[in-house]
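Which chain is which? They are A, B, C, D, E, F, G and H, in the order written, and residues in each are numbered from 1.
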Amino acid sequence: MKQGEDTSVDKNCEFDLDVEREERCGFPEVVYGQGKEVASIIRIFHRQLEQGQPCFATRVSAAKAKALQTEFAQGLDNRLARTFRIESPHAGAKVGKVAVLTAGTSDAPVAEEAMETLAWAGVNALLIQDVGVAGPERLRKRVHQFADADAVIVVAGMEGALPSVVGGYVAVPVIAVPTSVGYGASLGGMAAMLGMLNSCASNVCVVNIDAGFKGGYLAALIAKNRHK
Amino acid sequence: MKQGEDTSVDKNCEFDLDVEREERCGFPEVVYGQGKEVASIIRIFHRQLEQGQPCFATRVSAAKAKALQTEFAQGLDNRLARTFRIESPHAGAKVGKVAVLTAGTSDAPVAEEAMETLAWAGVNALLIQDVGVAGPERLRKRVHQFADADAVIVVAGMEGALPSVVGGYVAVPVIAVPTSVGYGASLGGMAAMLGMLNSCASNVCVVNIDAGFKGGYLAALIAKNRHK
Amino acid sequence: MKQGEDTSVDKNCEFDLDVEREERCGFPEVVYGQGKEVASIIRIFHRQLEQGQPCFATRVSAAKAKALQTEFAQGLDNRLARTFRIESPHAGAKVGKVAVLTAGTSDAPVAEEAMETLAWAGVNALLIQDVGVAGPERLRKRVHQFADADAVIVVAGMEGALPSVVGGYVAVPVIAVPTSVGYGASLGGMAAMLGMLNSCASNVCVVNIDAGFKGGYLAALIAKNRHK
Amino acid sequence: MKQGEDTSVDKNCEFDLDVEREERCGFPEVVYGQGKEVASIIRIFHRQLEQGQPCFATRVSAAKAKALQTEFAQGLDNRLARTFRIESPHAGAKVGKVAVLTAGTSDAPVAEEAMETLAWAGVNALLIQDVGVAGPERLRKRVHQFADADAVIVVAGMEGALPSVVGGYVAVPVIAVPTSVGYGASLGGMAAMLGMLNSCASNVCVVNIDAGFKGGYLAALIAKNRHK
Amino acid sequence: MKQGEDTSVDKNCEFDLDVEREERCGFPEVVYGQGKEVASIIRIFHRQLEQGQPCFATRVSAAKAKALQTEFAQGLDNRLARTFRIESPHAGAKVGKVAVLTAGTSDAPVAEEAMETLAWAGVNALLIQDVGVAGPERLRKRVHQFADADAVIVVAGMEGALPSVVGGYVAVPVIAVPTSVGYGASLGGMAAMLGMLNSCASNVCVVNIDAGFKGGYLAALIAKNRHK
Amino acid sequence: MKQGEDTSVDKNCEFDLDVEREERCGFPEVVYGQGKEVASIIRIFHRQLEQGQPCFATRVSAAKAKALQTEFAQGLDNRLARTFRIESPHAGAKVGKVAVLTAGTSDAPVAEEAMETLAWAGVNALLIQDVGVAGPERLRKRVHQFADADAVIVVAGMEGALPSVVGGYVAVPVIAVPTSVGYGASLGGMAAMLGMLNSCASNVCVVNIDAGFKGGYLAALIAKNRHK
Amino acid sequence: MKQGEDTSVDKNCEFDLDVEREERCGFPEVVYGQGKEVASIIRIFHRQLEQGQPCFATRVSAAKAKALQTEFAQGLDNRLARTFRIESPHAGAKVGKVAVLTAGTSDAPVAEEAMETLAWAGVNALLIQDVGVAGPERLRKRVHQFADADAVIVVAGMEGALPSVVGGYVAVPVIAVPTSVGYGASLGGMAAMLGMLNSCASNVCVVNIDAGFKGGYLAALIAKNRHK
Amino acid sequence: MKQGEDTSVDKNCEFDLDVEREERCGFPEVVYGQGKEVASIIRIFHRQLEQGQPCFATRVSAAKAKALQTEFAQGLDNRLARTFRIESPHAGAKVGKVAVLTAGTSDAPVAEEAMETLAWAGVNALLIQDVGVAGPERLRKRVHQFADADAVIVVAGMEGALPSVVGGYVAVPVIAVPTSVGYGASLGGMAAMLGMLNSCASNVCVVNIDAGFKGGYLAALIAKNRHK
């Protein structure tokens, strides 16, 4: 009941398969894998495939991922992100552009979850790693790569300062994803989260700690709507 | 000494078997199973059965449950709720009606503990699952099922918003049970608990995080007293 | 009593006058007086009186209360509770019984708000003051006065220990109302609130700090439903 | 509304007038009025008017607003929002659509600041008030009014539950603005903020407590970019 | 480096054996066993025995206790308290009287550590268990047993209410020892600790969570000094 | 000193005059002056004087103190401590010795309240000011003055380090009184209080922030009992 | 700037004038002006002038500053910093170089206190304002101005991100001074302070919120010692 | 992603090998070993050795240390500090002097990490252990050993009082490193950290909990710059 680290978001909001969801909410249903039987995931995925929907599960353990791969040879298993995804055969070309920036390499799993979410959502995505604020030139040299994005996701732990700096470079929303990377006074990501909420950049908004899926989902909505 | 997750409530309030308790407090004694020898539980249950009382233990591990089942073949072991219960042969018909609602499937163990408590207390109970606020129609379609209850127990983690919504639909007490379901800024259930305490619905009260037993006990008191 | 802005609860939940509310929620609408123009309160009260409903406003300042008294000579102004109330001419006899206990005299304003709420709701109420835990005999001598209540409201600040003790004496719900009475480590009532949530008595539930109205409302619902 | 020093966001990020800012960041500079001499604001506004830019100051006290109105007869002073604004004569037609929802009337000042920000940014805006979760039908009847917005801003204090409910109705970003409305366990808006960060709706992001300007700015960016 | 649960107190204050300590501080040195080599403990004990001092180690693991018992056959190993103790052959008769009360059986390990500390210090001690506040008669029947003590130690978790009640019965210091017994809103013992610090009884003081040794040490000082 | 409402402790525990209290609890009743009518204080004092008891009121405002002085010419008004006291004509010689140490001059009001409490209780007291840890020689030169006390009260804000240092010099209980002196990370005295609770000295116990009365009361109990 | 009682640091550590302090601690005594009689400050300053020491008082109110200016015509009153200072006639040339950076104009009072402290200490100081992280080019253009400093003081509120960025540009200690500038989730400067403590730059250390004096004192020690 | 206890600091700020770093930041790059492949560390070390740089990795597990030792026979593995270090053959004589003090033996791992950092940086270092405040004479006897240091690092958990005491003895910066040593109210080192931030000594600054590397790095910068 008391669970550790989930980065996905629909844990407490399980649905019966809701095939009109795409119309109402913009995207089909996503399976939150933690605490769910692999048989259930397989059943949901088969129904989604029948509907021509792409399939996506987050927080999938190695054992479950193996079972899913056996059932769905075409599926894409990302062990760093802990996701499993099946592209729809009817998927059109990807649209828009979202950049995912990380402060350090330890933030990679959360960033990967955001990347997989963007791929599932049909949005072009670019990962730019290790541009933390203590090496300010590293970020500066990469600005041209993300200045034209529809939205920027910034994944950072510790002091959570990167979103404010990024916010000063772009004219699009910056979605800040605090991570639990850090120790001591990082308070499990709370210090980064509070810092991001206090950002002096006007275009920074924040999601829960380690919520890579949510960051990706929001950015995808923005990009998709813009290019509709 | 430092213990993890208990959902029951009398841990710190162990009694010698107090056979007049039913008269004074409305219900016979409940055994908090955590940290108690199975032999002690068996001894207490035998004494309660002699008195014609129903028996109920919460926080019973799988090993203890197995030993109890061997001793008491008629006992009811609920592994999701982690409870073990023996109905009294003198039990009358169940009275009243309490609805137990959950926001998501992860809240099920806490809800089950409340359901078992209601069964032990002799109160009719209805479990309505997965009616979290992000799918508002799901709750709306079920209102007729719980509108006539004597009390409603709402079990929810994460943002803990469901009790406020339920409170607007009913003219009975809503007992909010926050759960430790969530991650990051959920702070082990504190975010849900604070949200519930700030509910703008006037008929919402709150118990401790994961305290399914306490929620069930309070609702049972209300239902029993109403139908006395 | 060190209080924030208000002890009442519908601040964030303002309604257009909702005359069917009584049917759906058990009681007519209550006016949260803080931050509301006295002219608006007068207008709402006139409409409620036309409907034959009782009128009740919480968090009414002295200036507003004076204006209300001028307009409604029959109104009852309680300066300790900061409420203003007009009884309905169609009001039937009061029903049930709710006891309101305080730990100390400083808790009186919150207790009075609960008492006024019970009066408005048509429920018999008894105020028992100054029975804090450090003088255990004081409570003990009064048990016979509240043992037969439909619900007990316990108002206490500082360590918030009184609800647990009361819970051991009665077979009805104990609604704990923490108050902001205290200093230093009382953290504005948070210490009392946390203590009450951790109560080892199974029949204790909790509402927000200084929420006398909410405590009264919940107890009134329980009493009214029981005597319907 | 119990507010700290300010609801606007660029307090710590004062600029020399940066006339290229519009190009880099999407919008011209905004003056954070708190702690700034009115003479400075007047000087900045004159420079911005020379550049054909719209002018906007947040957190403007009544005294400063009066001085600004004397200097700029064409200016728009909003006392509820505490803003002062001068439209550009070169302003084109407003574009897009953003809905601003409040849970209760006490949230109005923060919502008004968001509304003024949207007006300054040249985005069509719709204010929908008093649709808090404890009266679920009130929101439901208004869904058709905001379902086609480019983004939805949800302003709520206390338990902060409204953004999750709204998130289930729309396929656009929901920008949650927690307010300091509440008392006791609301912890000055922290309870609402934590609740929003734990939202089970995938399309909810969060800004600082009482940050109406930031909410409006983000929504405006999304709407402007979509309709470019 | 990050350590879980220690109840002893000299962890951060390790001494070279300081044989004059008894004179300056009232008692000889105590060995904090956690993170200390058993060989070191043995060496210290031999030196203390040579000096005719009693030996006492807290937080001794089962493995270390076994090694100590092999070396010192006369030693007293208390597995519940996790202590190991060797009485001095020169020990005089015990003096004074300290009562150790617990709210529930889960508080026993902390209470036992206090009992062992009192034994080591040469003070008579009486353990009174399971007198938590939700069963107020249980405490009342035992008052005569501790009313004449030199000091009372009250060990309690959850809401931490017991010290206030005990404080009203005695004319001696009540040393409150909060325990980490509890779940959810108990915050690892912080709720109990805050409650005890807010006690309305004037004779209650508080030590760290689970600090049975410290509680015992303080009570022993009071008793010893009184009977010197 | 930034204080909340009060430094005294019986706020929530008001009594009817309880003339046997001295026998049961060691001392007669103390009047907590805050929020109490001066007429009530006068009435209580007259009754206490009739019984030959000493009178003591804490948290007495300047206006109330003036009225008390007019009524009781023999009374002792201490404006720094905010207390008013009348010695009993039957008072015997003072007994014992308690030292009250402060870290800095800003801690004086809390220390004075402790001093007045000791005077009322009939215990000899010595005030030693400004011996904070950053000037370690200052304390060292005064050790001989308090080494023979029955108990030592240490009043300190900011980092609250002084009790640990004092604890190493004496063989009696050290009662640590944290004060709200400090700013920023002192969190209104919480930092000092947490530091004191973590003291590595075994003879340190803690009371609430700014609780000078409670510190004095506990020390007086220890001294009185020792010299009975 | 929302400040508590004071930004200076010796409040709790008052000394009798300690004329050897300069030798032992590197600098003469500083007067913490808050809560100190102006007559006392004048007396201390006269004694310091006799010794040929420079005089410095922090947290001096306008009224006290006026009295000091009347007494000491040569004194330097800085109303923004709230300091009063008298240079020693024997003062040698200033040495070293310390840069004081602020994130925004609201941080100016804390920065000024640091500047005055550096002037009193005889260290060259340079103030660089408004180089907050959301305008990254502003800082970059000024790096050459502080790259050769002996130490850099960074004063910032809100998210407190600036020290990390500055840390990446210099090979000297960066002393981070969090300020209480901000609102809502800034928690009175705690968010900035936590962010700074989690800085990923290895050369960043932190002092208390609004502690401009302490930041200046530490930087002065480093600069003075380097140029001795 | 959620990581326990790291004492090093560049976790979130991973670099490609940056050979000019020494010039810009004063020291070559340090490898944060946690979560990094040993093959990567070996590759980085080989490149650093080619450049004639000293090599240093913190948070190195036993398994990784063994592999590093096999590859680099000349490397120095410190298991208490969990570091691995290779001295440069071109290293000059060590300069300056830094003292590292601990309050208790449990603080040793953090102190050792600081010692290794100082060795890597080429600074003379002296370790003084077990001088916690509860035995004040222990520190006093050692003052002459660290009074002439360029900087003092004080490593302490629990109440974190030692830096204030040390600060009163020296005229150089005191870098306080709080440790997670403690239990209960130590809150994983937060109590020590808050205490240190509130230090009444003007020359104390603070780094993150258990951040031995950061403490050493800062002290080394101060010492190196002073002796350049």
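General observations
Convention: contacts are C-beta pairs under 8 Å (C-beta built on N, C-alpha and C of every residue); 3 or more make two chains touch, one makes a residue touch a chain.
Everything numeric in this text was worked out from a predicted model, so none of it was measured.
The chains that touch both subunit B and subunit D are A, C. Considering the contact criterion stated above, the chains in touch with subunit G and with subunit H alike are A, F.
When the interfaces E-F and C-D are ranked by how many C-beta pairs touch across them, E-F comes first. Centroids built from CA atoms put subunit F at 51 Å from subunit D.
For this pair, subunit C with subunit F, the centres built from the Cα atoms lie 36 Å apart. Averaged Cα coordinates give subunit A a centre that lies 27 Å from the centre of subunit D.
Chain centres here are Cα averages; for subunit C and subunit E they lie 43 Å apart.
Shared contact sites, meaning residues of subunit D that touch two or more other chains, fall at 11-13, 103-104, 132, 134-135, 158, 168-169, 182, 184-186, 190, 193, 197-201, 208.
Every pair of chains that touch is listed here: A-B, A-D, A-G, A-H, B-C, B-D, B-E, C-D, C-E, C-F, D-G, E-F, E-H, F-G, F-H, G-H. The residues of subunit G lying in touch with subunit A in their complex are 103-104, 132-136, 139-140, 158-161, 164-165, 167-169, 182, 184-187, 190-192, 194-201.
Interface residues of subunit F, counted against subunit G in their complex, comprise 2, 103-107, 130, 132, 134-135, 138, 156-158, 181-186. Of all the residues in subunit F, the ones that touch subunit E in their complex are 9-13, 24-27, 30, 150, 168-173, 175, 193, 197-208, 213-214, 217-218, 221-222, 225-226. Listing the residues of subunit G that touch subunit F in their complex gives 3-7, 10-16, 18, 35-36, 178, 180, 188-190, 193, 208-211.
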